[in-house]
Amino acid sequence: MTRSHRLRLPAIAVVAVAALTVAACSSGGSSSSGPGGGGSSSAGGGSSSTALTASAPGITATTITIGSHQPLTGPAAPGYSEIAPASAAYFAYVNANGGVYGRKIAYKYLDDAYNPTTTSQVVRQLVLQDNAYAIFNGLGTPTHLAVLSFLNSQKIPDVFVASGCDCWNAPTTAPETFGWQLDYTREGKILGQYVAQHFAGKKIGYFYQDDEFGMDGVKGLDYEVPKSMVVSRQSYVPTNTNVAPQVAALRASGAQVVVSFSIPAFTALLKLTSLKLGFSPTLVVSNVGSDPITLSGLLEAFAKQGGATVNGNALTAGIISDGYAPSVGDAGNSWIALFKKVHDQYDAKAPFDGNVLYGMAAGYTFVQAMLKAGRNPTRADLVSAINSGLPQGPAVAPYAYSATDHDGVTGAYIGTVNNGILTQEGKVLTTDTSPTGPITPFSGTESQAPAGGVPAP
Amino acid sequence: MMTSPAGVPGAQQRDAASLVIEDLVAGYGEVRALDKVTIVAGAASITAVLGANGAGKTTLLRAISGMVRPRSGRVLLDGADRAGRSPEDMARAGIAHVPEGQGVIAELTVEENLRIGMMSWPGIAPRRADRAAALAEAYERFTVLADRRRKIAATLSGGERQMLVIARALVARPRVLLLDEPSLGLAPRVMTQVMDMVVRLSRESGITTVLVEQNARVALAIADRGVVLNLGRVVAEAPAGELAADVALRHHYLGF
Amino acid sequence: MRAQSTPRVLGAALVVAVMVVILSIRLNTFRDYQIAEIAIEVTAVAGLTVLTGLSGQISLGNGAFMAIGAYTTALITLHLGWPFIAVLVIAAAVTAVAGAVVGLAAARLHGPYLAGATLLVGVALPSVANAYPGTFGGDQGLNVVFTTPGFLGVNFPLTRWQAWVCSAVALVTLVLLANLSRSRVGRNWRAVRDNEVAAALAGVNVARTRILAFVVSATCAGMAGALLAIVTELVAPGAFTITLSIALLTAAVIGGLGTLPGALWGSLVIILVPTYATDVATSHGLSSSVASNIPVAAYGVVLILVMLIFPQGIQGGVRWALGLFGIPSAPARPAASVPDVTPRAGAAPASQHTVPARKGSPPESQEKEGTP
Amino acid sequence: MVEFLQFTLSGISFGMIYAAIALSLVLIWRGTRLLNFAQGGMAMFTTYVAIEVVHHTGSYWAGFAAALAAGVVLGAVAELAVIRPALGKPELNAVIITIGLLVLLEGLAGILYGGQFRSFPAAFSVIGLRAGSTPLGVSRFDVFVAGAVLATTLLLAIGFRYTSVGLRMRAAAFNATVARLSGIRVARVITLGWALAGLLGALAGVLVSPSTFLYPNSMDSIFVLGFTAAVIGGLDSPVGAVVGGLLLGVALSYAAGYLGSQGSDLTTVVALVILVVVLMFRPDGIFSGARVRRV
């Protein structure tokens, strides 16, 4: 076979210079950089007479540019790639309804394929080259961890990370970073308490994804469920879809209740494999893996050959789960009505499921924060606005935001899936992430979506 | 025109054909392995191509059979120029090329090797009876193969392999047979058998044979004409007997 | 072909170094980051191009060596806090050992069997991090803290320093590899690649030569991993998927296998094509799933086209282009010494069967194998 | 004991899928001496075709047939359009082209069908079979999967052994030079090999997708394991592909079942260990001995 026969460094100088020149030329388009932006600092909120200025990098008189990293392609794309378009749809709605103090939100989300190296690259592109004012809803724990110190060292607001890791709550070391969704530990605690109370004396098995999502969830469960009740702990890796060994082990352990911290595809596989093994435990599934619309969609295809009992709704019926946002199927809820309207108008191609709701709700929270940050905000203004707390939004429980707490939603309700809808049972429960922190019923009232669909300043 | 070989009623033997190579130029990369080679091989004749290593003998056969695309020149089979055709086309036109040492497919059985010989038969689906008859004929001639028809060719001895190759050439019913070093590595007694078989094929079936050989003495003994190549050029072409008698030439190019 | 003299190589490296410094100061910080990224890729690809292009062994697992280098860096930085230069040396040493182990296991393997074994190394090794989260941080990985040295002052941009460090390592690696390929070692590699039997007959220790190539390539990958750790500041298994290993091989082949400038070309393609394709796709108001997948499809098309248009990789195209201007950068005879490669131009699958296992032996000698 | 049975049977049913991918790789390897990295991507793409057909016709079997047909076409077109021009060039070029093809197909699938999980129906019931009261851990559909792969393998084996086309394919695979010189149109035979490989891949895609769901990358890890199976078995041996697939499927099932939560992390490590052990003793795979070394 032919090969070039020798390593050569002869023309390497020519080559390298040419290459670097290519890189140099290509940078011509958008090169202005540097942290300080427009000089005039924020005039604070309120006075509508203040002129709109370029108060910070990414903010002009007419636009707010924000960026995000999302797994739009690759193995993590299914499901998650719906989120950013949903947020963008909500921003489009806000832009069409007056924007944020008249500015339009330009949301640029780039694909990182769930690879931390790529995340690192695209976030630097967004910040250093595209001058994003803030990074919003960056998705994934390992991916976002790769840019945590960069964003904080550059003092870029890093808001509402799309991950339930409790690592985003570090106000001293990561003051710019804020979590958003109910973290997995809290979720595990709330589900764990339910399991301990309702299935006392039964044998419990765990089925969880072998990463920080599953392990944090199990950590929370273990705070509440007595060790003696847990008869089997089985983990899976998302790249291996044969979960029959794990399910067989759960079955052999005699587990009557299986608590699953899994993504929807693996909840569906758990269910299908259980059918194969004649195993029918009560399923308790974390919010991420229980979205009834996604699950039914995945399971529906087996109805025809599986007989009447095996259709999507029948397979998901009776799954116990938690929700920190209103149930997607609850058409009477004001938030669902609002987001359904936005979805139909701006994002109609995607199924209106939990991921879409998630993206819109996070987008709503961002608009809340921006309005609070003032007419001409600096980057620091956004951070301090969130540090002083945000009013409760679409989530059923309040945010934890304060100068010393950067966690987002603090609680959820327990419900049961029936006819493809998660129906709330009992009160919303709030808690913290500590092993002994109490789980208390939330006494406040449920918030209602604003009439115009845009949060009030 | 030759008659059908005895014992194979109905099998269509093709007519004998002449092979004329005119001004053939071929090579690899910048190397010119054949330089305006012209050879005339009459129908049903045996032509021995001789010369030292690197003289271009193998390239000549490869250029005739299409394994190497000639850069210029003509390959005339019964007057029709086929230079530049693919090896498959050449085979189907009746040119059988047995490359040096690679004649059999070691992984296949003896019978499968023979069946491969039929792949170049013209027409799409030869009748089962024709195929059976052709096999029967081959086994009749080469009884040693008949005993081993289900064995894979790898188990055959060197001589048996050459027999198999020649048997397959017979089954293929070619008009022209190109043989590259058929005697290489064979014991003298076996070599004699192989050479006998080459002669019989040519005489009985009217196959025009081009024989490349290191062993010039043996080749000239059975050939009608001889061609001597040196560095890609024809340096001598004459009836075999004349070449064998030319002491200077033998000494200079043929080493015997 | 005559070897390039050491002064020429050093001179070229110096020119590039000066260019990097100038560019890193002139361009914006994101470009600094890209320079660092490209330098990292070049370091890893250069090692692979030596392994595959010179010694004739394929590796689909060099991403795993990068992981080893990166985790070594993270662990030492975390637990011992040693300076980066020391960490880099240790990371290189650790991956050299890993390369020797893999090379030893792979010494008897060829072609797809070697590809399969190294592919699984690439898939399996990062998953060890998940199995032992206590040591390796599991899915979340380990954080690496890297700062600019004090003498540069407080305001010196970190990305620029990273670009300098990465470029320096890449250049030193390239110079060393260039020297190595000209040395006796390089000759042995080529001899083993072209014909193992002949090389052995000529007194070359085939197994040792092959293993050494793995060590060199793993060391380069390990250093690249160490650099990646300090640039991304996080070492997590998700960064070292099989996609990375495949991208490295792709870069080596696309650039021009066995050529060091090719390593640079390949790295540029791998790093820049997806970025620019994304910029183009997202600026046309397409729906999200379409816009995000266009760069993926475009990348695939680029790989196919480069291979069809420049069979010798981009560097082969560069040589051809330089040749048009009469610049004698090209080797005198691209493929003349191996006549059996294209027996017939165009659709000629006949020879490919004879090519793979016993590489590069011309047809005449191959036919001699028929001797019983 | 029941668990052991269940682990074994579920391992076999997944092993059959690996075997199908491995077989398709063997077909292409024998014909072209090339590793087709796009095999999984082709299987993924043809399964999307099947989904579309099932969606429009409502018939599973129409989708099934469409997938197989699409596999044949895709295999042949890929060979003609991008592989053939690269033959005779450095051998890694064709490998990179198959990688490019894989990436292209994944990108196209994302563009055309989006990146979401899609579910693909099973041909038969997915409810588990029982022996007496003991659930076996396999469903009617799993039995169909195993049967379909075995039947296809058998058909291929018979076709290879007893038909003229099969003889041509084997001759071309073992010695392309002699095959061409015997008048066999090797180029066509190679295209046919790719078409058959495409068909096998499509079969694997249709059979595995009910158990993995379908998305542009859904065949990636299946491909890695199928490739491993082919290497374990020996790339020249169709029997080896099936044995390699079964061995791998069962071993990974035991690993996940018996090694606890670390077992699921370490499935690929287990695969690596098996591969290394096999290659230590047989550098060309278990069934390399079945193939005669050309002297």
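Going by the order they are written in, the chains are A, B, C and D; count residues from 1 in each one.
FYI, contacts are C-beta pairs under 8 Å (C-beta built on N, C-alpha and C of every residue); 3 or more make two chains touch, one makes a residue touch a chain.
Just so we're clear, the structure is a prediction, and the values are computed from it rather than from any experiment.
Two chain pairs, A-D and B-D, are weighed by contacting C-beta pairs, with A-D ahead.
Put simply, the chain farthest from subunit D by mean CA position is B.
The mean-CA centres of subunit A and subunit C are about 36 angstrom from one another, to the nearest whole unit. If you average the Cα atoms of subunit B and of subunit D, the two centres end up 42 Å apart.
With each centre defined as the average position of its C-alpha atoms, the distance from subunit A to subunit B rounds to 74 Å. Along subunit C, residues 127, 130, 257, 289, 292-293, 295-296, 311-312, 335, 341, 343, 348, 350, 355-356, 369-370, 372 each make contact with two or more other chains.
Under the contact definition stated at the top, the residues of subunit B that touch 2 or more other chains are 67, 86-87, 99, 102-103.
In subunit D, the residues that touch at least two other chains are 89-91, 106-107, 110, 114-115, 175, 177, 180, 186, 216, 220, 265, 267-268, 294-295.
Residues of subunit C that touch subunit D in their complex: 52, 58, 105, 108-110, 112-113, 115-117, 119-121, 123-124, 127-128, 130-131, 242, 246, 249-250, 253-254, 257, 289-290, 292-304, 307-308, 311-312, 341-343, 347-356, 369-370, 372. Those residues of subunit A that touch subunit C in the complex are listed here as 1-17, 19-20, 22-24, 26-27, 31-33, 72-74, 81, 84-85, 88, 108, 110-111, 113-117, 120-121, 124-125, 128-129, 141-143, 145-146, 148-150, 153, 165, 167, 210-212, 215, 237, 349. Within the complex, the subunit B residues that touch subunit D are 65, 67, 86-88, 91-92, 96-99, 102-108, 112, 115-117, 119-121, 152, 154, 168, 172.
Listed in rising order, the residues of subunit A touching subunit D in the complex are 1-3, 72-75, 77-79, 81-82, 210, 233-237, 239-246, 248-249, 252, 264-265, 268-269, 272, 275-279, 294, 297-302, 304-307, 310, 351. Interface residues of subunit D, counted against subunit B in their complex, comprise 164, 167-168, 170-171, 174-175, 177-186, 291-292, 294-295.
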